[in-house]
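Just below sit the structures, each encoded as structure tokens.
The following pair of complexes shares a single chain, chain A, combined with chain B in the former and chain C in the latter.
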Partner chain A sequence: MMLSQAVFVLFNGLASGMAFFLVAAGLTWVFGILKLLNLAHGAFFMLGAYIAYTIGGSWPESVWAFLGVALLSAMAVGALGYLTDLIVLKRLRGVDYHYALIATFGLMLFCEGVAKAIWGTDYFAVMPPPEVDRAIVIGGSYISLYTIFVIGLGILTFLVLEIIMHRTWAGKIMRAVSNDPWMSGTVGINVPMVLMLSVIASFALAGFAGGILVPNQALSTHVGASFVLFAFLAVVIGGLGSIRGTFIACIMLGIVESANATFLSQYGGIAIYVLLAVFLVWKPNGLFPAQGAT
Partner chain B sequence: MGQRTLNIGATTGTPITVWLGPVALTILVVLLYFAPHLVNPGILFVVGMTLIQSVFALSWNLLFGYTGLPSFGHAGFYAIGAYFTGAALRYDFQLHFLVTLVIAGLLGALVALAIGVVALKRLTGIFLAVLTVALTEALGKIIGFSPALGEQDGLGNIPRPIMDFGLFTVDLTHGDDYYRFLVVAVVAIVAGLWWVVHSRLGRAFRAVRDDADRARFVGIDVLRYRVYSFMISGGTAALAGALSAPLTRIVTLDQVNWLASTQPILNSLLGGFTSFWGPIVGSVAFSTINYWTRSFPGLSEMMVGGILVVVILVAPTGIVGMLGKLRDRFTKNGDKA
Partner chain C sequence: MKRRTVLKGMAASAGAALGMNATYLRAQSGPIRVGVSYALTGVGAPVGTQFLQGTEIAAMQVNRAGGINGREIELIVRDDKYNSAESVAVTRELAGDGVNLIIGGSQTVTALGIAPLAPELGALIVIAGAAGMPVTHQLFNKNIFRTVSNNYTQYGSFGRSLIESHPDVKTWISMAPDGDFGRDSALFFGNAVKKYSVEAAGEEATVLDTIYTQGTATDFRTQINALMSSDAEGLYIGVAGAAQISFFQQARSVGLYDKFKVIGEVGNGEVTGKAMGRNTYPNLWSVSYWNHGLEPFKSNPLSQQLYDDYVDLTGDPFPPALIMAGQRSAMGLFDGIRKAGSTETEEVVAAMEGMTFDTPAGPCYFRPEDHQMLCTNYYSQMGPSREEPYYDVMQMAQIDAAEMVEPANPGKPFSLGEIE
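Let's look at the complex of A and B:
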């Protein structure tokens, strides 16, 4: 194998892996704490992308403007998350998870309908910010700077979430609520508040991912579905609710997908399912099984 | 979960309600059979697809409503049936059409057996749901790579069959004739499923659903009955797909993704998964909403999604469950759960 090919596979794999992780982070977070598999996550990711496109236009002025737009869409989708929690998700706490799956699926369809009604069915394209809109040569292979930018942001997001979850008070409280909501309530934690804030954080993460990844592919109402499927696979392989497991699973999925596309391009996209099948048989509860997850 | 009252075949009540069901069903079937004389071809196609979706939803609900196993990749089975029948008719496998249908159903059941033996041993709930999604996506990829199955373009120009019974032939090449065959086939399948859920097998499925540990304790082989349910469900879904191929005359990859898999789920939940007839009611309701809202971009998704959320929040037992509650309230002699 040529060095340039190896570098190419590695960087592309990391880039798609980090793109999956940006989407999967919110998904796994809300699953870890609320035990709710949010099928609508991809739809809110898509709304985030549309909001970023509407605020920022198709040509960002600089990396900072681009990041600012992503943060704005994170806030907007976080606010939508608050509304959704108030109207729908709050009533799903404690019901059988089948109902939650169907309700969040209904939410997903609803969001797609809203996006179609507001933005139409045309495709939009957004360019990466000018500073990262070029390629550099690493090990004889051309790598887009935007790719490295996404990888960096993915790793940064992971570190921030890890620190919040394992090194801060807020993380301790969230883990306590996730393990035993009743007991957490008796020791004076405001459980409904923690759950609501977790939902808002998860939605904000989806909105942020939408803003960051919008130059990655043409923007349409289907943009959520393609990312969220991989995010589901990553969350399952990683162990439902484990951010660390999801991160590792995303990297694996990204690299396998990229190697598959490079060396077996005529059968592109199939290796991921082989990987998933192996994992579900070998480790049915994922890499880092979360306690209490079903 | 509280809402799982078994209201199957609820024929307790006054003698009128006992007769009402069968009479209404007979009238409905007769109306369906003569529909080609009553409605235009566009609506006839919608009615035909609704019949197929009803069978598809019933097959999903056998798995979920009766055995407690969610499959989010049921479109895979549907696609196996549709692609097999499509290929058999298009490349003229020299099979009798009824034999083709039987093989399609058996193929679905065999694939379900393979998945069931490997996966059901350890996976239930969300893991099973995700595995079935992934397998369906993988199947879609494989079909996308197969030139014989039309790759990304789908399998088009599927001829409708002519059935040769030796003494006489039944020509289904005309759309109306195929539709009538479809009505008969769907009634037969629905009757078969009705028999399954009211037999010992159906009782065992419900026992496994309600409490797997206790079912095991009274001597039910839980894994075996889960696999049976998966096989019957997969086979029926494949039959639904097989019946759809000559109606639509094209089979495409749109039928093999996880969004297509959610159609039977929607229909079952909308109609009510605690009742045998719920999935059919849901399919009819869904087709009607879809038909009315089809020309407004986004409205159809908003309506369907919104209705689904409202149904889950307000009436988790679906339309049939809600009607049952209303009936109990008005008649006041229904045995309350």
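Let's look at the complex of A and C:
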């Protein structure tokens, strides 16, 4: 019994962790390059979920249609990211980070208001695509194929981001701009363009996550809240701006959360905060701190 | 006493009397201002907005019929944001604005905040949707009236109704939020299942330990795995709102629909049906209030009028049941004002104590001792449908609240031991 529970905890934790990572990826990406803590990230995740629902409806026809809708959602939210950058974020570069926090908080409220005006306060539900809309039994535990699908997409997203960031010219340019925008500008890099593209990529990742994770829970204007909380925790534990650190932190958070729910269900969520406290004491700059972090 | 002093005093008295009279005349001739405080934003918004629509329809119906004693109803609506502190703030604001008749507490969390305020504010507060036991027990005061069944009546009746309709289901389990409401509702449900199974099935049903979760949880995989591994064939779900829909989304994919013969849920009703549509669990029973297309509502003219007014107002031909709860709460207050012939708090309170009034769900009665409203409790059976809105309410079960209500014990905590 204990072994099957342990297997379930690990598997469930990995599934949760990858869901957290899909949301956290865009958050840590934009922080790594712009040093912007985007409090509105969850709101754009929510918009991505609503857009996916509007395009694809409640019953996706196939995995490919489902992925296609998620990509369209990513594009739409990426376009919103472009507008947001143009209207809001661009003006915040170089000013104290408090202004950015307040502005993105306001942006979050604005997005929720817009979503409510368009889609109302009713709840919606989207089902997983038919190919992954069933379960397998492993060691007495019931595992949904959709969660395996999310795990796969989470790992794939991590690999793609890692390759882009560490194995391509584009990634090197972004890292250069992140480390020293002034010097990057003097060697001919179009810094404003790189920053804008980074914002678009971050928002697109939020939209993609919204499209992929919408079958996981009821769709409402609060859909992003729980994911985003874990995403922020993962970004802090992983090291602000570190995709690799965020990925590992998400897995840790997922497993701890799953163990908490299985073995300490009467103390819901407490283990997560213990983990966070331990990391803040032990590694205050996270698992993979940014260069120059103190 | 000097003559000048006497004259000044007379002049002051006359002035004050004239002023008060003017205020009195204004208060007696203008519209009757009724405060409404529901959760219109936040996670409680889907419930609060439905309550509000029902209350607005009630005001519209009264105004259309010429008002009360020739005075129209004017609703002053506030958003309690599903937050206890906010509900207190808006209730104080309404009272500060001279509103002494208030309908609020669409959920227990907000009702617990506003119920104790009523005497201090000199207001009458109708608690519209909160089923928590303290409202008519330790928090009771003469100025509050509850227009919904309490937890004990509601979920005890629900357990009884389900075991009577499913005597073949021998083992039951509950999944509920880890809080007063969740623990109480699961306990009352389970106790009733055990008690009435003896009569219904000839032997006592087994009720397994409740699985607890958080009321706003989004991930139910652990709980679903535990449910799937249990021997239970009947399930009561105590989580509501978005959390319940997330549960069904996740549970359906792992085959929970095939495992359980019957599922009862806390009262999401059409909210879950609308969201899940064709994927609604096929034998889902809900704590419900109303369905215009089924008896006994179908032959009730008040019910049909409510349906017509809802469709006129919204254009939506599929009204949620909670509309009736919002309308009924307001009608209880409006009938009290009519009976009192006054809008003064004390007089309306006196008029409502022991009052019986007609609703789309039949007559309802305010128990004078604790102001608990007693009506018939309804439970609806839902399932998927091929046609819009892709879910269907197939039948309603009913149990008279008077058969399942605890003795009035105002001012004291509810104790299960005294009853069972």
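One rule holds for everything that comes next: the second predicted complex is superposed on the first by the 290 of 294 C-alpha atoms of A that agree within 3 Å, B and C clash if a C-alpha of one lies under 4 Å from a C-alpha of the other, contacts with A are read in each partner's own complex, and residues count from 1 in each chain.
One rule holds for everything that comes next: contacts are C-beta pairs under 8 Å (C-beta built on N, C-alpha and C of every residue); 3 or more make two chains touch, one makes a residue touch a chain.
Not measured: the values here are computed from a predicted model.
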Chain C versus chain B on the shared chain A, clash or fit after superposition: clash
Which of chain B and chain C A:Gly269 touches, first, second, both or neither: both
Touched partner set for A:Met108, first chain B, second chain C, both or neither: first
First, second, both or neither for A:Pro215, with chain B first and chain C second: second
Touched partner set for A:Tyr97, first chain B, second chain C, both or neither: first
First (chain B), second (chain C), both or neither touched by A:Thr246: neither
Which superposed partner A:Met127 touches (first chain B, second chain C, both, neither): second
Which superposed partner A:Ser178 touches (first chain B, second chain C, both, neither): neither
Partner chain(s) touched by A:Ala117 [first = chain B, second = chain C, both, neither]: first
Clash-bearing segment of chain C relative to chain B, given 22-30, 94-102 or 202-210: 94-102
Set of chain A residues, in rising order, touched by both chain B and chain C: 121, 266, 269
Residues on chain B engaged by chain A in the complex (per definition of touch): 1, 64, 70, 118-119, 122-123, 125-127, 129-131, 133-135, 137-138, 141-142, 145, 258-259, 262, 265-266, 269, 296-309, 311-313, 316
Chain C residues within the chain A interface of the complex: 43, 45-46, 49, 178, 211-214, 216-219, 221-225, 228-229, 241-246, 248-250, 252-255, 271, 274-279
Residue ranges of chain A touching chain B (in the complex, touch as defined): 37, 88, 91-92, 95-99, 101-103, 105-118, 120-121, 225, 229, 232-233, 236, 240, 266-267, 269-270, 273, 276-277, 280-281, 284-285, 294
Residues of chain A defined as touching chain C within the complex: 8, 12, 15-16, 58-59, 121-128, 133-135, 140-147, 215-220, 222-223, 226-227, 257-258, 261-262, 265-266, 268-269
